[in-house]
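Paired with chain B in one complex and with chain C in the other, chain A is shared by the two complexes that follow.
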Partner chain A sequence: MKAIRVFLLTAWALFLAHSVRAELVIEITQGMDNPTAIAVAPFDWAGAGTPPEDVAQVIENDLARSGQFAPVDRGDMLARPTRQQEIFYRDWRAINSEYLLIGRVSVTDSIQMRIEYELYDVNRQVRILNGYEEGHVRDARMLSHRVADEVYETLTGVRGAFATRLLYVAVERVPGEKSVYRLTMSDSDGARPVVLLESREPLLAPSWSPDAKHIAYVSFETSRPAIFRQELATGAREQLTNFQGLNGSPAWSPDGRRMAMVLSKDGSPDIYVMDLGSKALTRITRHYAIDTEPTWSPDGRSIYFTSDRGGRPQIYRYDMASGNTERVTFEGRYNARARLAQDGRSMVVVHQSDGQFHIALQDLVSKRLFVLTSTDLDESPSIAPNGSMVLYATKSGDRGILAAVSVDGGVKFRLPSREGDVREPAWSPFLPRGQ
Partner chain B sequence: MKQLTVAGKMLTLLFAAAFLVACSSKGTRDDDAAAEAAARAAAERAAAERAAAERAGSERAEQQRLEEEVARVGNVFYFEFDSSTLTSQAQESLDAHIALLRTNDRTVRLEGHTDERGTREYNMALGERRANTVRDYMVVNGIPSYRIETVSYGEEQPVAYGSGEANWSQNRRVELK
Partner chain C sequence: MRELSKALLAGGLALVAAPLYMSAQAQDYIDLEAERERSARSEATAESRPDPYAPQAARSYPATSFGVRGAPAPTQQAQAPSPVDGGAAAQGAAGPVSGGSASGGGNVGQLFMTVQRLQQEVMRLNGIVEEQAHELRSLREQSLERYVDLDRRLGLLAGADPGAAGGAASAVGPSSSGESAAAPEQSGEREAYQSAYNLVRDQQFDQAVSAFQQFLQDYPAGRFAPNAYYWLGELHLVTRPPDLEAARQSFTLLLELYPQDQKVPDALFKLGKLHFEKGERDKAREFLERVVSQHASSGSGAVNLARDFLRNNY
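For the complex of A and B:
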C-alpha cells in the first residue's frame, strides 16, 4: 500500500514537473522606437499575508510585452502611492514617466477578489481612467489582464487582448520511444499552462470555437487522423470525423454552427463544411490538386484556403454565395495557411522568399504583401483578436518555439518553452467575463 | 478292379496333390502382385514426396531469397523536395516488396512523411500524396488495393531532428509497415 502511495505521489510530482516545464518564457526581442513611459506602482494589499498575485507586475508585463510601453523600473520609483492623495506628480515627471497607474487589491471570504485601479496623466495632472475588476481569487491573473486591457485601450484606442488565452501543442521527445504530445492552454502571456490532452500519437491543428467554450483539433490516437471537438469546461470530447485519408484543419465558422475542414475521402484533399448540428457535409472544392488549410472570413461569407492547383501553393478565396473561387496571393512561389484579421481587411500567411519561410501580412484591399519576420521556418500564424500581434511557430536551434510580431513588424518577442518543442499556437477570441 | 481301385486312388491323390500344388502356386502369384503394387505405390509416394519436398525446398529458397532481398532494400522509400514522384531507387526497392507480397496475402500500411519546410497541413497532404504514389505503383503491379492502407503523418514524425538537407532528405519518405 505504502509503495503504491509513494508511486502515485511520484507520478503526481512528475506530472507537476511536466506542467512547469511546458511553461513558456517571454523574451522581448524588439520594441517600438518611442514607447510610452508608464509607471505601474505596486498595488496596495488589504489582506492577511502575501497577496495571491503581484497584480501590478502582471499588468506591467502585459504593457511591456505589447512593445508600445516602456514601464518604469520599480527601483527607480521615488514614491509608491496607492491612493490619489498620495500622488505627487513631480515624483513621476522627475523620472520621465508620462502615465501612472495605481491600485488596491482586497479579498473577502478568501474567495472574492477586487482590484481597484486609477490611471493618471502625469503631464496634464488628471485622472483619465478609474475602475475595478471583481472575480474569484483563483482568477487573479485574468483579472489583472483585464485591468491591463482597460489601460491599453485608454492609451492606444485599441481594445486590449491580454485577458485572452493561447492553445498550443507541446512535444516532449523521449529518446528511443514515441514523443509525448500535449495539447496545452495558457494565459496570453504563457502563464498557467494546463494540459488539455496528452497523447503518444500526433496532436495538431488546435482551433477555438467563436465563443471560446469549445476547441477542435486533429488527433492520431486511433492510428489515423480524426477531428475531435472538446468542451473546455467539462473536458467532454466528441469525434467528429473518421474518414479514409486526411481529416484535418478544423475551422469554426464565425456563427459557430459549421466547421470547415479538409478531407481526402473522395480522392484528393478537398475543403468540406460540416453542419455541427446534423453532421451533414457540404463539399466546397472539387479539384485533383491539394486544397487544404481552410479559414473563414470574419463575416462568414468566404472561405480562404491553400491550393497548389496553379503548380505551387497559393491562397484562394471561395465565395459562399456565388460558389466562385479566385486566387488571392501572387507574390512569391509559396503562400499558405491564411488567417484573417478580425476586421477582414488583411490576412497573415506563411510566405517563402529567398528559400526561407517567413510570416507575411497581405492587405486584402491594396493586395500588397509585407514580410513581418526575419526568422526562418516560420509557420502557423495566429492573429490576436484585437489585430495587434501575430503569434507564430518558428525554430531556434533544433527546437520549436513560439514567437510574436506586431502587425506593423515593429515589435517582436519570443516565447520558448523551458523544455521540448512548442508549436501551432492559436490565439483565443475575446473571452466573455468570468471565463 | 483292385489295381484300378489303387490306381484310382493314386490318381485321386495325384489330382488332389496337383490341385493342392495348383492352389498353393496360385496363392504365391497373388501375394507377389500385391507386394509389387504396394512397392510401386510406395515408390510413387516417395517420388511425389521427394518432388514436393524439392518443390517446397525451392519454394522456401525462393521465399527466402525474396525476404532477403526485401531486408536488403529496407522498408523506407525516399523522395526529392516537394516531390511525390518515385525515384528509380525507390522503385527498385518497391519491386522487391511487391515480389514478396505476391507470394502471400499480407496487408501493408504505407506511412507518408515530409520534411519540416512549409506548413503542417499542406505537408500532411503532401505526405498523403507520397503514400498514394507508392500505393498506386503497387496496385499497378498486381497488389490489390484492399491489402494496402495509407496514412500521412506530414512533418509530425521526423527521423532526423535538426535542419539542413542532410536531415531533411531522411525525413521525406514513405515507410512500409
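For the complex of A and C:
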C-alpha cells in the first residue's frame, strides 16, 4: 500500500540526475519576429580533461529559449576569442552579430568552478558587462544559467529567470498496474531532473515556498488526499492536513508563514488559510458553491480563487483586510486556476473559448484578457518569477507535455518528456545564490 | 464501497487541485455534487432501506439544467407535511440521513433536491447579477471616459485664444500652416463660433449641433470652419441617439475640404472608430492605419490612440 519513496536531495542525487527518467527536451515552436543576434563564443577551459559542462552552450540555449535572442551558429563564427585582445569586431560585424559573449572556465581542486565572462557591443565596440560566477563544479549548469541571467538583464532590462527550477509531476503508465507518479524537480530548461517523491497513488498540485526551500503538494498515499510539506534539502516531510473530504491546492503566502488551501470538511469545498506555525485554520470562504484553487497576490493582501458561485467557474478576489469578495473575470464562460505575476499587475488563467481550453493573461489594471495559446486542453499555468514566460501543461497526441509561452504570446516552446506524461508544472521563485 | 468513495474523492480532488480532466469539467462539478448525494444514499442503503428517490436524484442533475424544469411542483413542496425541520435538511446535505420512516426519508430526499435546485438557481442568478453589475460599471467608466475626453478637448479650446492660431482646437499638435490658418477671419465669426462652442461646454449638445450648422451656413469658408465640421462630427456621436451617418459626413467633409488641417488625424481616428462601431472592421482599419502611416510625425494624440486601438482590436 505505502508504495512511496522519498528521495533526499543530496549532492549525490543531483550528481546522478542524468539517470532519472522523464527528462524534458526543449523544442522552440515560435520565436520573436526580430530577435537580437548574439554570438556566444565557446568558453576557454583551464582544467584537466574535458570540461564538466559546455558552459557557452548552456548560456546560448537559455538565450535562444527566451525567443528574444538569435544566437549565432558556432559554425559561422570566424574566430573564437576568449579574451578581449583576441576580439576583432569586423569578424562579428561580418556575420551580423550585434553582441558577443566570451568567457573562461576554470576548476580548482576539482571542486571549485569559476566562470569569467565579458559581453561586448559589436557596433559600438565596447565592453558592456563583465563578471564571474563561482560555485561547486556540480552546479556548473546553474552557474551557467546565472551568467545567462546577467546577460539577459543587461540586454533586456528585465531580470533573467534561467537560474530557477521547475516542479512537475511525471506519470508513468504501467499496463495492468497502477501508474507511477513522480514528483520531479528540474532546472528551468528541464535538465537535471531529480525525483523528490515517487508514489503509486496520485500526486497533485506541487507548489513552492517563497524562499524555494520547501515544497507542498497533495498526496493520496493515506486513505484520503492530504497536503504535505517537504523540505528540499533534507527530504523531511510533514503531513499538514488530514481532514474528511478534500484537502487540496496548497498555496504559500508571500511571507511564507501561512498556506491557503481547499478543504471540504465543513460541506462544500471552501478556501481556508492555515497558519504554518500554529496549524490554526481560518475559513476564508463560506459558500455552498465550489471554491477552489486559491493563490495569493504578491502583496499578500488578497487571495484569488476559482468559484462557480455565479453558475460557472470564474475567478474571484478575496480581500484579506475587508473580507469582501469580488468577481475578477467576466470574459468567457470559464476562467479558472489563476496565478499572479510577481508585479501583481496581471494574472494567467485557464480560459475557455470556442469550446477549447487556452491559457489567457488578464491585465488586472485594464481588465483586458488576452488569449496566449493556440493549443487545446491547456491547464495549470505557472508564471516565471520575472514575469516573462508562462509554463503550462497541455496535450500532444495522447501525452501530457509541458509548454511555455511568453506573456505577450510571441514566443512559444514545448518541453516534451522523453516518456510518460508530465503535468502540473510549478515555476520556482528566484533562487538564492548557492541553491 | 470504500474504494468507490475513494475513487470519487480522487476525481473530485483532481478537479480541485488542478483541472486535469478539463474536457469533462462540467462533469467534474457534477461528480462532486453526485458524490455528496451518493454518500447520503450510501448511508441510506446501509440501513437497508430502499430509497426510491435516489435514482431520481441522480437523474435530476443534468449539466445544463439549473433545476427549474422537472422540479416537483412548488405547491406540493409547500404543502408536504415536513417531519424534519430545516436543520435535518441541512444535515441531509452534509451526508447522513438518519431516523424517520420511509416516507420521512423521502421527504428529506425531496427537500434535499429542492435545496440543491434552489442553490443552482441562486448561483445562476448570482452570475447574472455579477455580469450585469460589471456591464453597468464598464458602461459608466466608458461614458466617464468619453466625457473626460470631451472635457479635455474643450479645456484645450478654452485655454487657447481661438484667434491666435488656426485650428487651435487641437493644442496637442504644433500649429501648422494649413489652409485653415490661411483663411481670413470674418467679422462676427469668432463670436458665432465661440457661442456655439460654449453650448458644447454646457453640454447642450442638441443646441450646439444647430449652432454649428448655422455657423457653417454663415461662414462656409470661415477660419473656424474646419473646427466646426469636427465638432459637428463629435456632437453627432454624443447626441442621443448618436447619428453615426451625420457624424461620418461631418468628418468626411473636414477631410475633403481641409486635407491639411491639423484636425485631420483626429477626424481620421474618429472615422476609424465610427466604422468599427458599425462593424465595418476593414474600413475602420483603413482609417486607423492612415492615421498611423500618414500622420505619425504630426505629433497629434490621435496617432497613439489609433495605434492603441489597432493593437487592442486587430
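Following the convention adopted for this analysis, the second predicted complex is superposed on the first by the 414 of 435 C-alpha atoms of A that agree within 3 Å, B and C clash if a C-alpha of one lies under 4 Å from a C-alpha of the other, contacts with A are read in each partner's own complex, and residues count from 1 in each chain.
As a working rule, a contact is a pair of C-beta atoms (placed from the backbone, for glycine too) under 8 Å apart; a residue touches a chain by one contact, two chains touch by 3 or more.
Keep in mind the model is a prediction, meaning the values are calculated, not measured.
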A:Asp121 touches, of chain B and chain C: first, second, both or neither? neither
Partner chain in contact with A:Glu419 - chain B first, chain C second, else both or neither: neither
Partner chain(s) touched by A:Asp398 [first = chain B, second = chain C, both, neither]: first
First, second, both or neither for A:Arg173, with chain B first and chain C second: first
Chain B versus chain C as contact partner of A:Gly310, first or second or both or neither: second
Partner chain(s) touched by A:Arg327 [first = chain B, second = chain C, both, neither]: second
Chain B versus chain C as contact partner of A:Glu379, first or second or both or neither: both
Touching partner for A:Glu153 - first (chain B), second (chain C), both, neither: neither
Residues of chain A contacting chain B in one complex and chain C in the other: 202, 204-205, 220, 223-225, 245-246, 248-249, 262, 264, 269, 290, 292-293, 308, 313, 334, 336-337, 350, 357, 377, 379-380, 423-424
Interfacial residue positions of chain C with respect to chain A in the complex: 6, 9-10, 12-20, 22-23, 25, 29, 32, 66, 93-94, 119-120, 123-124, 126-128, 130-131, 134, 138, 312
Chain A-facing residues of chain B, complex: 116-122, 124-126, 128-129, 150-153, 156-157, 161-163
Chain A residues within the chain C interface of the complex: 202, 204-205, 218, 220, 223-225, 245-249, 262, 264, 267, 269, 288-290, 292-293, 308-314, 327, 330, 334, 336-337, 350, 357, 367-368, 377, 379-380, 423-424
Residue ranges of chain A in contact with chain B within the complex: 173, 179, 202, 204-205, 220, 223-225, 245-246, 248-249, 262, 264, 269, 290, 292-293, 306, 308, 313, 334, 336-337, 350, 352, 357, 377, 379-380, 395, 398, 423-424
